[in-house]
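As structure tokens, here come the structures.
Two complexes come next, and they have one chain in common, chain A, joined by chain B in the first and chain C in the second.
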Partner chain A sequence: MGQFVQFAINGVMAGAIYALIAVGIVSVYKATKVVNFAHGYLIMFGAYFYFTFSVIIPNQPWAPEWLLSWQPDWLVAQKADLPMFSPMGAVLDWVSNLPRIVLGLTGALIANAIVGRIIERVLMRPLMGQSVFAMIMVTVGLISIMSGTASLIWTADAANVPFLSPSAPVKFEAFGTTIFLLGTDLVNMVLALLMFAAIVAFVKFTKGGIAIRATAEDQSTAYSMGISVPKVFSRAWVLASTTGAIAGAILATRNGISPSLGLFGFSVLAIVLMGGLDSYVGVLIAAMTVGVLEAMTQWKLGGSWAEIVPYVAVLIVLIWRPHGLMGQKEVERI
Partner chain B sequence: MINANLKNSYAADERVLNNTYKQMFVYGMMIVLALFTFFANDYMILIASQMGILLIAVVGINILTGYTGLVSLGHGAFVAIGAYSVTIFANLAEGIIPAGVMPFFAMPFAVALAALIGVLVGLPSLRVKGLYLAVATLAANFIVIFLIEEDLFQPWTGGMVGLTTHAPNFFGWVLDTKREMFGMIAVIGFLALLAAQNLIRTRIGRAFIAIRDRDYSAEILGISLLRYKLTSFALSAAYCGLAGALLAYFFARILPEQFELTLSLNLVAALIIGGMGRSMGPVFGVIIVVLVPELIKVLFSSAVGGSASAAQFRAPLQEIAFGLLLVLFLLKEPLGINQIVDRILRAANRWPFARG
Partner chain C sequence: MLTIENIEVTYHHTVQALRGLSLEVPDGKIVTLLGTNGAGKTTTLKAASNLLALENGEIGEGRIAFKGQSIMTVQPDKLVQQGLFHVREGRRIFSEMTVEDNLVAASYALDERKAKADYEKIYDFFPRLKERRKQIAGYLSGGEQQMLAFGRAMIARPELILMDEPSLGLAPKVVEEIFDTIRRLNAEDGVSILLVEQNAGVAFSVADYGYIMESGQIVMEGDVDTLRNDKDIQSFYLGVGEGDERQSFRDVKHYKRRKRWLS
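So, the complex of A and B:
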């Protein structure tokens, strides 16, 4: 039972990150009716940007020393009296990494926003009004372009990136076994869920969000109501790429950076379809379900089986409910 | 110049090659292919064989995506099933079936198995369409490759390290050179292309096109969606299975990673670049998809020489070129090369009276 709780918590933490990635796909779909097959590669770019700004740049000879490791006097003084491996030590380590974490996150956010903007402007906008198939296939072509570009730019071996938050271990007893969690995973989960909630609130309540929803409903009506549809499109893409940057940074600290981060996007795509393309709630449910199911599979069948869980789950759900758990059924006229 | 294209009977109008140009083209290509088989150098044979194998698979995708309008991003899985089943069948039936007739059993088995699994994967197509189907097939691709790599089936599939394949043996004639293999691939590829061209003028083919244009309308006209969508899936999977079987015969070893998503995307990209729903589309598309990376390789090695540090940039460049091709065709020429060729032919046909 204790093991079950451990794996369930791991699953929920993975699910929160899935949800954060999925929100990017849903936002783009809601505004532009394009399903972004290359979203995983946007995340990969986010991860690589985080790596660039938090590891490569601080390690340059021209970078100021405090950027790599911030050691003010009070920090050194406090560190000196601490025993080894204490939670406080982890926090202090984090504090000295703080400058480069902040630089990494801001850099990744801005750079990824620019990438998203470029993709929207150069590839997506000329296709406005074209068939959905063409738009989807453009994102498929984007997969090759992005993964090729990434391996051209970042040829260096990816080193470890700093955690976003103190990685003190958290232990507690449940059902007679010790549950062991990493503090940073918990913070990541909270961060992911907060961002998810913020985006849902943005789309629901703000003027910009209402414009996105109106565009999703009917493009030409939105136009005639004075909404700038191209602006809505680029806003949606920037939203997706910035959430992707944060998700990428989180994934970089969890799984390390590699070109296979792009493949992650496909399992998230499966999750999005499972939840229903235009439903944030459905996607959240699907992400959590898949996260927990994956953890359970990992526990019972071994790690390798876990990687096909999203795909099997999406096939089952699609046969049972063709538009996902909470997706809206399309009405077709002949 | 417009010249005689007069038909005296319905039978003449309904022929597979319904005008003299097409006939001349097909007979001419037969001669060219025969000459090519005997006189091309080994490198060209290698490239042309890869094109032939890919062509058969793309013709399959064309039936599904181009004619029936169902998008699949998972047909690499069927190529894998064809390749693996032809090899595993030969391994298991060794001794039971004499080696000289093995391909006559192994290849139909591989094609049939691929078609069967195609029907299985096609089942969601009855309920979901477009994008949802694309993701469902994508999921199927991941699952098939995963099962091939899985330790449980390793005694048969060889797991991650793949399988050593057999050279095909027709009544004692072992096709152990690439040139002989190309002969077989060319014959089969040619027949496959003609069969697909024939298919679309039959009742089944017309039903496919009706479903593509509007599936509900087609259903109202009395076309059974269940039957024809599954037929389409089975046919396209069978083509891909055939391509897989040839691929297993052609290469000395098959690895699961050959059949991953990249292959599926390659197949669809070739179709889009060539032109969807046109019989020559796959041919043009495959030529581009195989030649462009090859061209980059040649140009690149002549530009930087043999330096190893520069060589690591080659694969990314090929990848980028491939993506750019796909995107550019979608943006600038969504109907593919076939449309460009059509335009040229039309201009030639009307010359000197009108242009374009």
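So, the complex of A and C:
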């Protein structure tokens, strides 16, 4: 039972990150009806930007020393008294990394927002009014462009990036076994869920959200009612790329950085289809389900099965409900 | 209020929908535009609200001016903010959103005018919408959906409404209600209206002036009274017989029934 809880928690933590990635795909789909196949590569850019701003720049000779490792007197004094491997030590390590984490996150957010805006402005907007299929094909083309560009820019070996939060281990007893978690994973989960909730609340309850939903349903009517559709488009892309930047930073600390990070987007695309392309709630449920299923198969059947079983579940759900768990079917008057 | 001069519109660079159409909507008047299916009525409205670009349409020649200023380069959302509202064919309400959210969406039109949306006014006008404000708009009846479409237009406080077949698919009784609303909008708020209709009878009952169009051109225009007494109009739009004696369909050659002003 204790093992079960351990793996369930692991699954939920992975699911939260899937959900954060999925938000980007759903937001772009809701506003523009475009399924963004290149979202995984936006995340990869986010990860690389985080790496650039939190590792490469602080290591430059011209960068101030405190940026790489902040060591104020009180920190050094406190560190000296600590025993090895104490949780407090992890927190203090984190504090001295704090400047470059902040620089890394803000840098990744801004840079990725710019990338998202450029994609929308240069590639998507000229296609407005054309068939959506054309735009979807453009996102497929973007995959090659983005993975190629990434390997051109970031030739350096990706070193370790700093964790977003202290990586002190958290231990507690449940059902007679010790549950072991990393503090940073917990914080990542909370961060991902908070961002998810904020976005859902924005779309559901604010006027800006109404503009997004109106555009999603009928572009030209929204346009003819004073809603600036191009603005809604570019906001959706910026939203996708900024949430992607955070997700990228989290993934970079968990799995390291490589160009194959972009492939992650495809497994999340499957999750999004399972949840329903335009339903945040459905996607959250699907992300959690896949996360937990993955953890459980890993526990019972081993790692090689973990990549297959959840996606078989996705297929079954899609056969049973082609619109996904909570995808919107068109409202029909009876 | 609105002047359209000699416009030509082509879709996909090949299909010519309008060929040199001109019309004018004076301040505070209701002008109706009649014509058969495919004559180009909806295209005219879309040209005036600048929605053609979204459908691969293009205005080749001519000028369109709203309140004396050319609209050719103004984005549709900016046009609404200047006071031109287009109630589109088939109502086009946001069927997956609630009635209230539909109205809020329309309040974007007020953004640049720093005016506040007056929802109570709409609910006073259409009490039935108030009862259903939390309902999903797609489940409203056809008449209620048309009311909602009007409500959205009223939220935006326009000076000119382009109205595309408000009677479409509605029972005669509901049509009457809708046209009462049009009359009220015009009389109480002084809104100018360009009304596209298939139902010439009701259109003439509210309008001041009328245009008849065919194959992308205006073929006839005049005061509503003049039009109503015109023989051809009576025969082809109002369904009044041509003579006093009863005619049998056997005596009428089919091709004769099709009047063409252009040959």
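Side notes on the structure shown:
Keep in mind that, in the parts below, the second predicted complex is superposed on the first by the 327 of 334 C-alpha atoms of A that agree within 3 Å, B and C clash if a C-alpha of one lies under 4 Å from a C-alpha of the other, contacts with A are read in each partner's own complex, and residues count from 1 in each chain.
As a convention for this text, a residue touches a chain if its C-beta (ideal position, glycine included) is under 8 Å from a C-beta of that chain, and two chains touch if they have at least 3 such contacts.
Bear in mind the structure is a predicted one, so any value in this text is a computation, not a measurement.
Aligning the shared chain A places chain B and chain C next to each other free of steric conflict.
Touch criterion met: A:Gly129 reaches chain C, while chain B stays clear of it.
Touched residues of chain A were counted for both chain B and chain C, and B has more of them.
Within the superposed three-chain model, A:Glu217 lies in touch with chain C and out of touch with chain B [touch as defined at top].
With both structures placed on the common chain, the touch criterion links A:Gln3 to neither chain B nor chain C. Of the two partner chains, chain B is the only one touched by A:Val138; chain C is not. Contact with chain C, but none with chain B, is seen for A:Lys207 once the two complexes are overlaid on the shared chain.
Within the superposed three-chain model, A:Ser151 lies in touch with chain B and out of touch with chain C [touch as defined at top].
Of the two partner chains, chain C is the only one touched by A:Met225; chain B is not. Here's the short version: in the overlay, chain B gets within 13 Å of chain C at its closest Cα pair.
The intersection of chain A residues touching chain B with those touching chain C, taken from the two complexes, comprises 130, 332. Interface residues of chain C, counted against chain A in their complex, comprise 49, 51, 53-56, 75-77, 80-81, 85-86, 88, 92, 94-97, 101, 104-111, 136, 138-140, 152, 156. Within the complex formed with chain A, the chain B residues making contact are 71, 73, 123-124, 127-128, 130-132, 134-136, 138-140, 142-143, 146, 149-151, 214, 216-217, 220, 261, 265, 268-269, 272, 312-313, 315-320, 322-327, 330-331, 334. The part of chain A that touches chain C in the complex is made up of residues 128-130, 207, 210-211, 213-214, 217-230, 328, 330-333. Those residues of chain A that touch chain B in the complex are listed here as 35, 123, 126-127, 130, 132-134, 136-138, 140-149, 151-152, 155, 263, 266, 269-270, 273, 277, 304, 307-308, 310-312, 314-315, 318-319, 322-323, 332, 334.
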